[in-house]
Structure formats: C-alpha cells, structure tokens
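The following blocks contain the structures, represented as structure tokens.
Both of the next two complexes hold chain A, though its partner changes from chain B to chain C.
Let's turn to the complex of A and B:
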C-alpha cells in the first residue's frame, strides 16, 4: 500500500565539487544515490535516506549535504511531523512502529540540571597530574563488618567472610549489546577496549563466541536473560560477572526479538538456537514470578559457578524501583543494574521506548537512598545505565549513588554511529548494527577498539580532573556523596527525590 | 523511612552458619569403591552441594543421596572440566527446585517427586523422575533427556531449544498443565497421557503459544481450543513413529509398562506453523 510518507531528509549535491567518484553510491546500503553513466549524473532517492551521514562523511570533496526536512507539513505544535509520519506509516501497514537507539524526546535530563562542587580557599583541590588519583572500584557484595584476626606470629588477617568482587580500573563499563544486535566487529571492538582499559564489557543475551572466550572472558559480564540464549555452564564460568536481565531501559516490561533473517550460522551457533528461527526473548523470565523465584535463579547461577562470581540483576528504571531493588538485594544479588528511560536499543516499539520508564537520575537516587535507609547498601553494588553521554554524566551518576556506570550509545558513537535510529533495519552503513558481511567489513575491530579505548582514557582524565577539583582523590569517596552536587532549575520535589540541595544552599 | 518506623531485617536465607564440606564428608558419607552414600537429612542446599562436589572431587562417581528433602540445585555445581567421567546421582525422596539446572552431562535418578524447574537450561545428561515434576520443567532445555513418570506442572518445556547436534527430549508419562511448549524453538516433547481416562482430554491449554521450532507428540485427545494459534496438528509419519517408539520403549524400561500397548493409542504431532510467528506485526 502506498505510504504517503514524505522524505525525512533533503540531499543536496554541489555539482561543482562532485568528482563522480561514486563513493556515495557504494557506501549507501539504502541505495539512495544512483549514478547514471549515460547522463553522467547522480540521482538521489530521498525517501530512502535515513540520515546516517555515511556518504557525507566519506565524500572526498565535501560535495554532499544531508539535512533533515523539518518543515514540509504545515507547522503544528501538537501534530508534529513525526506524529503525522507515524500515523501514515501505521495506516499503510497496520504494524507496531519500530525504532532503534535511545529515546530522543526532550524529557528533562537531570544531569544538565546538576552542577558539581569545587574546592576553593578552605579546602585545597588536588592536582591529578602530580597526586595519585584512584579511579579503581570493586564490584560486588561487601561484608557487614571487617573483622581482623592476628596470627600467632602477630600478622593480621581478614577474618570476615569475603564475597567475590571484581575490580575495574575505571568506573566506566561497556553496556550490554548482544552479538546479533550488533555486528561481530563491533562486539569484538568492545571486548578489545574493555580488556585494554581493565574494565568489563557486557555480552547482552547473545552469547559469547567460543573463539573469544580464552582471550576476553576475563573482561566479560555475561547475561542470562529470558531467552537463555547461549547460556551453558561453560559460558557462565568463563565470565567475571553474571547478569540476570529482567528489564531494559529502552523497553521496560517487554521482551526482545531478533528476526530470523538475522540469525546466521554464526549467530545461531553463539545463541545456541536453530538457524533462521526468530530469537524470541519473552518479556518475563518464565521461571521468575516473584522475588523468591528470582532468588532461586540467582543461587542457581551461584551454584553453577561454585560461588566464585558476583551475580547482577538488571532492571529498567520504573515506578517503585527502590522497593524492587531492595527485593533484589534481599534475593541475594551482588550487583543491581538500573537502566533508565534514555537507554538505547537495537529494536523496540517506538511507543514503549518513548513512554515507558522513568529517568535514570531519579531512579538511581531513589534506589541508593532506600538501600541506605534499610541498611543494606553495602550488600550490593549499583550500576547506572541509560543515556550517559559524557564523563560529567558519569561522575554525577556516581555522586548520586552509582558504583560505576555503563555506557553503550556513547561507545557506539565512538565507533562511528550517528544515531540515525534505524538499527532495526539491519542495514547500518557504519557496520555496527548489521550482519551483512559487506557492511560489517567496514568496521575494523582493532581500530574501533582503539577509538573506544581513547574515549575511555579521555573520560577517565576528565573524571580525574573533576575529582581533583572537588578535592577528592578516590572515586569511592565520591559515591553517593550528594553534598558535592547542587540542583539548578529543579522543582522542590525533584530535589527531594534526588536528595540534592538547590544551588546557593 | 516508610513512615511507620519499621526496620527491615536482612536474612541470608541460604548461607548462614554452614558446616564445612570436610566435616560433612566425615560425618555423612559412606564410600564403597566409586560408590558413595550420602545422608542429606537436614542439610541446607549449599551444604549438600558443597558435599556433593567434595565427594566427586575425592573420586566417587556414583552417588546415592538419602533423605533428600527440598534441597535445591542438585547436580548444578558438578560442572567440573577436569572430570573425565560423568556422574550418576540417585536421589531418594524429594529434591527441591532447579534439580539439575545447567546440567552438563551427568545422570540423575529421582525416587520420588521433583519440584519446579527440573533441568532448567540443561545442556546434556539425563534426569529420570519416578514421580511427578512441578512447574517450568525443562525450561530452556537445550540438550539431554528428561523422563517424568507422572504429570508435569505449568509452563512445561517453555522455550526449549536445540542447536548443533543437541536436541533435547522430554518424556512425560501423564499430562501437563497450561502453556506446554510455549515459545518452543527446538527439541522434542512426548506426552503420553497414561493416567487419563479414555476420551479424557489432556489438561494443558495454550499449548505451543509462540512455538517456532521443535515438535510435541501427544498420546490421547485434545480439544481444539487447547492449542495456541501458532501450532498445527499433523498425523505421525514413519519417521515420527520411529522416534516415538524409541522413547516409549525407553520410558517403559525406566518405569515399567507395556510399550506396544502404549503405542497402540492414538498419537498426534504438533508442530509450529511458522519459523517467524511474530514477523508480521511491525512497521519498518
């Protein structure tokens, strides 16, 4: 059926600059640019353009401009362009509108309303170039008290029972993106960067390929989600942390769905499913209907790994998230991961992505406060995920109560992603979110890994600078230290939930 | 904090005051060659599993566990790469939930009923239950075989899958409750309905909802409204009879009964109508 959709982008080609090298034509998986040799002219099919900017970035003579067409419909604040386009799309197909990447709606981003403190006259700031600045943190459950005994020869030794903890050199981890959702080079780049930076990457629920286990397992967080894809005893034992995925910020309360055409031999092998069938991750885990059931799975995973690995539980930020997190800690989880409404995704219904869940900042502060009030904050680490865009967001998240943050969209952008929001089509021109061998070859895992590593290095320098400015020399001293934050332009209830004073107080 | 000034106590349900495996080994295990008899009376699940691991590490390959009463995860912690021989575990009385979760090749025989999630995400091996099994039996099972003498509970064989040469098999002598084979993506379920009266339909509704792989063989009858809409009913062909015959005979070897008599009942085969049940609901 004819869709009546207007093109989303306008493509301008400066003929005086174009040298007919046809790079744009070859680079576009959506076949937007077509060269007619007889006329020696390019034709552009604007309606197929997703605005990924690949052709623009690679045009050697800067002859191309791809710009959003924003004003084609009569301007209307209520019936905006995307609302109209979506209605037309649904009228033509009767389908649920899919989207990729994170929420792009202008909901309040609390990071941008929080400012950090800085040392002035009365307490000195610290120069991270001269002074040691500790960014290492330990993920996992901590003992209630630390009892020290002395041996007969007077040497001290820790008498308390310690739980498995995982050190990360900087509190920035690469968040869950499964092989299948992203390409193998992109997945491998994450692993390479995590290993070099001394942090962890999360496999998502797509399994961990056997050829990567020996080299990268030491830096892997493996997921056990509702589909149980790729989960066996060896997979569990080859990770540092096991994460049970209950929910995801982009699509709280619903499951995942990797369409059968993307399940190639390699994906099928890693996910441990038949080739070509849909990889359906149902919304609930069918063995978890209560906190007690969750506890059963947590301990099943601990049993399967001989109690050597922390078990994390990942939930989306939703109403009552604090009470839910409390239950999760009481069920035996060592780490709670909270994923906010701006978390990314490979594919999600647009309606869910944009309208379900709450901002990470509020959820994180609420969870941290609740666990403290209940006296069980030390029994878990808190990981914050979903829409961390900069080192400043990360350090503010830590000041609001996180032990470490997960980044994913930022990592993809570092690899080349331009947030065209079309991940679900599997035609990613940047070779990130596709399984097409022609497209995946565009991403060199070593180079992409180096870009990620550079990003992590840059952020950790920035975090050190800001820590020094605060007069703090260890990231663990900043955790949940809300005195270092002030709110600007926030309502009183927002300040209350965040547990932060207004600026000037 | 909650306005009622209620204190939230923290109770570590499973891990407080545990006895060490060495101590337990001396007190609870009697060995006879490679056979070890273990008394599980009153042990917490971690204690029992510590003890099982210790016993296996000390060289026993046939374990008999007596007085089991609700201890969970039996068999789960015996994934030992250094182990060259698979273990046989005989359980007397009633194991707890998640029996053989993530099991990777061992053999478990239960002389009693089993609880929920038998063979959760099992990879290889065999579980034989001389009794009934609870809910989510064979959840996400990916390889190996499970034989249940009597009924199975709700959500049996959910998301069962297969890959490479691994194809899981679940044989249930009785019937199962609702959501049998939901989201099933591979493997084989055989439901024999032996404890149903003539003409009495199976219990499960919503059979095979979202099913996109594998096969369910049913002996006995079924109303049409019991089936999920992603499932098609077919008669058995020669190859199917071969498979069914093989597993019915194995069932009879474990639990007794007359294979030919069982095979003379009416069977039907349930298979998914599409590999991509939800491919059409999205607008791209």
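Let's turn to the complex of A and C:
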C-alpha cells in the first residue's frame, strides 16, 4: 500500500564538488544514495532519508546538504506536518507509531528559565584555577547521626555502622542504555569513560557481558528490570549499585521490546535468552504490586549482595512522583532515580513518549521537598535523569535537589548521534543503536570513550567555574540550595513547585 | 556637603569600609566573672569594621541568681504591646514564669527604632503529653513557635545563665544602651560589630544569634546557606531571623547538644579538610573524615567565614577551610582572646603572652580549666 508520505528531507548534492568517491553510498544504511556508474551520476531516494547526517559529515568535499523539507504541506497550525505524516503512516499500516531517542515537543524546558547566582564583593567568588573545587559526592543512604568514640591514644573514630555508599568523582553519571538497544562498542565506550572519569555507567536491563565484569565492575550500576535479563548473583555482585527499574521517562508505564533480529549470539548470552527470540520486558514487574513487594525485592537484592551495595529504584516522573518516591525510600531504597519526560529511549510508542509523564525539573523539586518535609531526605540520594543537555542543566538540577545527574542522550551525541529519532529501526548509521556488524564497526570504543571522557571533563570544568562564581567550593553545598536559583519568565505556580524565587526578588 | 548633612549620623556614611565584621571573644578559663569593659574596648578598637547597623554581646555566667531557669530575652518590635500580650499568654501556658522585668536601658542613648526588651526567667510547664520530652527540646520548640508565629515578638536568647544583648547601632552604643559595663559580669563575653550583610539591618538580625546556651558571632557570608537551612529544617530548626548566621547557631545545637558530638568534630563538619587531604590521611583518620563529610555534607559551611561559637564552659574560634577570613587568638594567664584582629586583643591586653593565627578549618577551642586552646598553636602560622 502506498504510504502517501512526503519525504522528510531534501538532499542537495553540489555536483561541482562531488568527486564520486561513493562514501555517501557506503555510509548510508538506508540506501538513499545510489551511484550509476554508466552515467557517472548519483541518484538519491529521498523518501528513505532519516536525516542522520552521516553522509554529510563524512563527505570529504562537503558536497552534500540534507535539509528538512519544510514547505510541503499547506501550513496549518493545528494539523501540523508531523500530525499529518503520522496519520498517513497509521492509515497505511494500522500500527502503533514507534520512535527512538527523546521527546522533541516544545514543552517548557525549565532549565532555560532558571538562572544561577554569582558572588560579588562581600562573598568573593573562588577561582577554580587556584583553589580546590570539589565535585566528589557519595551515593547511598546516610545515617541520621554518627557516633564518635575515642581510641586508646585519644584519637576520635567512627563508632557507628555506615550504609554502603559509592563515591563518584564528579556528579555526572552515564545513564541506563542496555546492550542490545545500543551496540557493544557504544556500551563499552560508556564503561571506558566511566572508569577513567571515576564515575559510573548504567548497564540498563540488558545484562553485563562476562568479559567486562572484572574490569568494569567498579564502575557499573546494574539494572534489575521486569524482564530480569541477565540477572544472577554474579551479575549483581559485579556492580557498585543495583538499580530496580520500575519506570522510564520516555515511556512511563510501558515495557521494553528488543526484536528477535537484534538478539545475536552475544546479546542472547548476555541476556540469558535464546538467540533470535524477542526480548520482551513487561511493563510491570510481576512480583511488585505494592510498596511492600518493592521492599521485599530491595531486601532480596541486598541480601544477595550481603548488604554491600546501595539499591536504587528508578521511576519515571509522573504526577504523583513525590509520594511514590517517599514510599520507595521507606521501602529501603538507598537511591531514587527520577527520569523526566524528556528522557531518551531506543524504542517507544510515539504517543507515549510525547504525552506521558512530567518534566524532570518539576518532579525533582517536588520529590526533594517531600522527602525533606518528611525528614527522610538523607536516607537516599536522588539521581536526576532525562534531558540533561549541558553542564548548566546539571548544576541547576543539583541546586534543585539532586545528588547527581544521569546523562544518556548527551553521551550519545558525544559519540556522534544526531538525534534522527530512528534508533528503533536498528539501522543507526553512527553505529550506536544497531547490532549490524557492518554498522557497529563504525564506532571505535576507545575513541568514543575518549570523546565521552572529554565531554565529562568539559562539563566538570564548567561546573567548577560556575561553582566558583557562586562562591562555593564543594558541590555538596549547592545541593538543594535553591537560594542560588531564580526563575525568569515563569508563572507563580511554577515558581512554587520549583521552590525558587523570581529573578529580582 | 549636602550629602554630609543628610547623613548626619556616621552610621550612614556611604563610602564606609563595608566588607568585614569585627568579632571578639574573651573567656576566663578559671571561670572568674568580669565586667564588660574588655569586650567593649576591644570591639571599639575595630570600629572601622562596624557599620553602626548592628552590634551585640553574649555573656555567660550572667544570671547566677536564676541559673537554674531558662532566661528568655524577648524583644517586641515597635514596642508592640499587643504582641507582648500574646507572647506572655503563650509563655504562661507553657512555662512557669518565676520572674520577669523590662531589661533596663539607658534613656540617654538614642538608637534606631529600639524595641521593647523584656526578660523572663522560666521553667517548663509540661502537659502530660510532653512528659517524656527533655526540657531543652521543649524550650526550643516553644521558642521556634514564638519566633515564627507571634508577629513582632522575637526571642533573642533562651539559655540558662546566659544572655544576648543586641540591636541596630555600634556595639559600644548597644553596650551603653543596655549598660553592660555597669550592670553585668560574666566569664565569657563575645561581641560582634556590623549587620548581616545581605539582609535588612534590624534588631533581630544583629549578632550574636543564639539558641539555648549556644551563641554565634560570625563574619563573612555563608554561600551554602540554602543547603544548610533546608537540612536544618528537616530537624525542625526554622530560620526566621533573615540571616545566614542563624544556621550556624542551629547547626551547633543539632550536632553538639542533640547528637552529642564534641566541638572539635563539629568544627571538622563545618570546615572539613579537602578530599585531596583526606586521601593522604592514615587509615583511621581517612575513615573518620570520609564518614563525617558523607554524613554531614549539608552542614559544610561554604563561603568566607570566621565564627566564634560559645556555650557554657567552652568558646571556639573557627575560620573557613581556605581561610578567606582569618582569626587571631591570644592568651595571658587564664584569659584567652579570639578576635578578627590582633590589634584589638593588644588594645585590651598590652602584655599579652601569646598571639597566633591558626590555619583555615583549624579550631581554637577554649575550654574551662584546660589549656586546650594551645593545641592549635603548633599548627598556626
């Protein structure tokens, strides 16, 4: 059946520059560029182009331009282009529309309406080039109080038992992306960068390959999601933190689906499923229907790891997120991860991705406030995830109440992703969201790891600069320090939820 | 000339040096009580540090006659008698008031908008529901209630045998106003000049800030205020006095009174060593300092500060960990001094035996019947 879809992109080739090297043809997994040797000419089938810009980026003579086709449908503010295209797709297929990566709807991005403070005169700013600027933080439950007693030589020592905590050198962690959803090189690059930067990467629900366990155990957060893929005692013990995934920001209330074609031998082995079968992770965890059930799983995991690892619970940002988070902490979780509506995904129904959940900023502020009102904020760390695009977003998240942030889409972009939203097709031209060996070879884990490390370094420097400007030399002193934030262009109710004053106040 | 006329009081001279308060503390480690002259003269010597918009004194060993009762100093803004009525009804309901009187003031001293200042000597009157609550907790919760719910009434101090006298003016004016040199004696005096930097100059905002027996005078600006405040709120301390120093007073009460940590440990929570130093420490110390920083990270006091914290039998001086605001200590016999400037100490004690400046984060702990203050001497520069 004809789809009646109009191409989304227009491809322009400057013939005067093109040297017929055929790089574009080889690089495009969607087979858009076809070279006719007889005519010595390229033909482009624009309808298959996803705008991933791979051909553009690699064209040695800058001969290619891939631009969105904007003026095709008659302009209409209500029946916008994407609405029309989606209707046509569904009319042709009768299916749910899938998409990859994060929400691109113009919901208010609160980070862009929050500005930071800076010291002047009486409280001097601190120069991070000359003074130490501490970004280290600890993830895990903190005790109510410490008991101190004295050794025989009169030296004080800690007498109380401490909960397991994990130090991270900077408050930027690499968020859950499972092997399967992303390629092995991409997965490995995350691990390499986390190790070098002294932070953690999150395996997502796809397991942790045997060959990586020894080397990267110190930097891994392993997930225990509804599908329980790859979960056994060895997997749990080869991590610093265990995360129970209840929800994901891009698709709250939705499970996961890795199509059988993507389940290679390697993926099958890591996930502990037969090769070529669909890996379905159901939306609910079928043993969790209450906070008590969740508590049982938390303690089962603690028991399995001899109470040596903090257990985190990840939830999507939803309307009632503060009350849910409170329940989670009371159930015994040491870390709460909140994933906002702009979180990315390998594959999700478009309608869910774009319309379910709430912005991270509001959820984070509400959770931090609720836990403080209940006097239990110190009993957990809060990780903020979903749409952290820059160091500024990260530092603002910490000022709103997060202990640290998770980045994922930003990390993919560092590896080359151009947000074409086609991860679910398995034909990622950048070798990130694909299992096709021809495509995955495009990504060198060491080099991609270095790019990630550079990104983390760059953000750390920027955070240090901003902290110095605030007159603060330890990141802990910014946590939930909303006095250092002001809102610009926000309504009263929004300021109230965020717990910040308007600029000028 | 016009400007000069308009700003008749030197209090408002616009080009005044405005960037560092004056702090001073003096303690007799033998517990001998003495008059206010030393503290008054010392702070006068640092007049350039003051602004005339706030000053105050804390005195320990102040009310020996009533030393078993909590001494509440309450001010009523704008001499609001209705507020006094409400506050007194509240006090009557929750406490036995054994004696009360207006705090005597000198009518010849003219200050900016003086409130009515009253003192009450009280003992808890607990209902059966409150039976199990320790007295201190009981008093704190009532003081917090009074400060946050009764308009125009503020409790300036609430400890036993200790009192805070403060207001808008130079400290020596406040001393004259309350006649501190004539009427009172104590074995610790701490004093502060200038007003809280980013907040309105008002009587409640002046230092010392206090809770129960704890008093704090502070120079600098705490940039971690929001983090500190929100952590303290979790422990039912509410900051109502519009100044960053308040968090220090409550943090001291939380750590030392409620959680029983010694002052040396509390100092390391407020101004902890850097991580790079902690990493170099021997095993035991590293464990201790890591645990302290992890657990009490929200009480790290960031930004430039010097504080003198006092309570019965102890006075501590501490600067921030990168020493953006130094403190000087001095000693002669059983008198130990802490000050923003050595000159102020020498002005009141010309034959000083020792003077030293400890590094950032290194507390000087002055303790009754000990020479513990000398411990910081060998680390000093």
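We take it that the second predicted complex is superposed on the first by the 505 of 505 C-alpha atoms of A that agree within 3 Å, B and C clash if a C-alpha of one lies under 4 Å from a C-alpha of the other, contacts with A are read in each partner's own complex, and residues count from 1 in each chain.
The working rule: a residue touches a chain if its C-beta (ideal position, glycine included) is under 8 Å from a C-beta of that chain, and two chains touch if they have at least 3 such contacts.
Keep in mind that this is a model prediction, so the values were computed, not measured.
With both complexes brought onto chain A, simultaneous placement of chain B and chain C is permitted, the two fitting side by side without a clash.
Panel annotation: after superposition on the shared chain A, the angle at the CA centre of chain A between chain B and chain C (CA centres) reads 100 degrees, nearest 10. In the superposed model, A:398 makes contact with neither chain B nor chain C.
Applying the stated contact rule after C-alpha superposition, one finds that A:259 touches chain B and leaves chain C untouched. With both structures placed on the common chain, the touch criterion links A:119 to chain C but leaves chain B unconnected. By the touch criterion defined above, A:375 reaches both chain B and chain C. More residues of chain A are in touch with B than with the other of chain B and chain C. Touch criterion not met for A:348: it reaches neither chain B nor chain C. In the superposed model, A:470 makes contact with chain C only, not with chain B.
Once the two complexes are overlaid on the shared chain, A:303 sits against chain B while remaining clear of chain C.
By the touch criterion stated above, A:134 is placed in contact with chain C alone, chain B being left untouched.
Superposition on chain A leaves chain B and chain C with their closest Cα atoms 12 Å from each other. Comparing the two interfaces of chain A, the one with chain B and the one with chain C have residues 375 in common.
Listing the residues of chain B that touch chain A in their complex gives 1, 8, 10-14, 45-46, 49, 53, 72-73, 76-77, 79, 81, 97-98, 101-102, 104, 116-117, 120-121, 123, 136, 139-140, 142, 155, 158-159, 161-164, 166, 179, 182-183, 185-186, 210, 212-213, 275-284.
By the touch criterion given at the top, residues 18-19, 197-198, 220-221, 223-227, 229-231, 233-235, 259, 261-262, 264-265, 274-276, 284-285, 287-288, 291-298, 300, 302-304, 321-322, 324 of chain C touch chain A in their complex. Listing the residues of chain A that touch chain C in their complex gives 119, 121-124, 126, 131-132, 134, 136-138, 142-143, 145-146, 148, 151, 155-158, 162, 165, 372, 375, 377-378, 470-474, 476-484. Every residue of chain A that touches chain B in the complex is listed here, in rising order: 89-90, 92-98, 226-228, 231-234, 236-237, 257, 259-260, 268-269, 271-274, 276-278, 280, 282, 286-287, 295-296, 299-300, 303-304, 306-307, 326, 330, 332, 349, 370, 373-376, 379, 424-425.
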